[in-house]
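Which chain is which? They are A, B, C, D and E, in the order written, and residues in each are numbered from 1.
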Amino acid sequence: MIQARVTGKVWSTRRVTSLPRGALLEVETDSGSKLIAFDPLGCDTGETVLVTQGSVAAGYFQGETVPVDALIIGSIDDKK
Amino acid sequence: MIQARVTGKVWSTRRVTSLPRGALLEVETDSGSKLIAFDPLGCDTGETVLVTQGSVAAGYFQGETVPVDALIIGSIDDKK
Amino acid sequence: MIQARVTGKVWSTRRVTSLPRGALLEVETDSGSKLIAFDPLGCDTGETVLVTQGSVAAGYFQGETVPVDALIIGSIDDKK
Amino acid sequence: MIQARVTGKVWSTRRVTSLPRGALLEVETDSGSKLIAFDPLGCDTGETVLVTQGSVAAGYFQGETVPVDALIIGSIDDKK
Amino acid sequence: MIQARVTGKVWSTRRVTSLPRGALLEVETDSGSKLIAFDPLGCDTGETVLVTQGSVAAGYFQGETVPVDALIIGSIDDKK
């Protein structure tokens, strides 16, 4: 997984129908890489999150075949 | 997913038969990475799009086994 | 796989329920890339570990569908 | 997918038996990344091709489990 | 696939039980990226090899679910 910070939100009205409704957040890693991740947790801008990528992100939507390759799976509390 | 801008289109006449007919768009990220993505939405050059990658892109073509590893899944409206 | 050094630990209280309980370690490669990997072995900070990525990391959790895309699969003894 | 130019060919006599017989071409992207891709189309050095990567490349070999993670799926005609 | 040179070997005594017994080689690409790959072919340091990555690497171990995401699938003879 990667640790990233939520930097914004994107909207897409014209989209494939298999993309689930829900928040699409822009996240950025410490090294400056940017991704758009599906957010099932209701995270806010500025929050530090854990993002999983690839087919395991889509596996979260059990029973559906969704084209999601990046998913926020946790909000990071603290780091030691 | 990644956010990218459509910068062009490619054609491939000599191709494997399992590659579906449809537009193959060249897209570029803010950091300058280029990809060729399958476009089921009819996007135009200059449009900002959401691209999914890997096996979940191929999963969009349900019931078929297609060699597509990058798919445009939405046109991005706006960003806040 | 990649070889990396354990540099810390992260906690995530607010998380998706399918993320298994267990240690989430921050690891860093020689080239400076950072990842968060699930650790089933109880590794310590400073330890050099072997990390597998992608869907094979999730495959470790047989019978469950977990959103884990990075897994520590060994502690590296020595290198020749 | 990525667009790349064929820059050479590699031969491997000592190989795992599940690697199919066929051409293994070296390809290079505009940014200088190099890959070795399986070529079912008979492409020539200098040709610009479309390359798919990951498990969808292996999916091309239906009914067989092959260790191929990069496949040439088309020769690019032209670009606009 | 990527072409890489074998630069060393790693040992891991403390490991997950699903990691198969066999050589784990350190390989390096021309651009300096390093990976640890499982080697079923008995390659030597200095040898140039072909490495496949991701879930297709694990697919080599048919009937088993192994956490291997990089596999040496051939020794490269020569390059033209």
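The rule is simple: a residue touches a chain if its C-beta (ideal position, glycine included) is under 8 Å from a C-beta of that chain, and two chains touch if they have at least 3 such contacts.
Here the structure is a predicted model, which means the values were calculated and not measured.
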Chain D and chain B - chains in contact with each: none
Chain A on chain C, rotation in degrees - Cα superposition, rounded to nearest 5: 70
Intercentroid distance (Cα basis), chain D paired with chain C, Å: 31
Centre-to-centre distance between chain E and chain C (centres being mean Cα positions), rounded to whole Å: 19
Residues within chain D bordering two or more other chains: 54-55, 57
Chains in cyclic order, anchored at chain B, direction fixed by chain D: B, D, E, C, A
Residue ranges of chain B in contact with chain A within the complex: 1-3, 29-31, 40-41, 50, 52-57, 59-60, 62, 71, 73-80
Complex contacts: residues of chain C adjacent to chain A: 8-16, 18-19, 24, 26, 32-37, 54-55, 57-58, 65-70
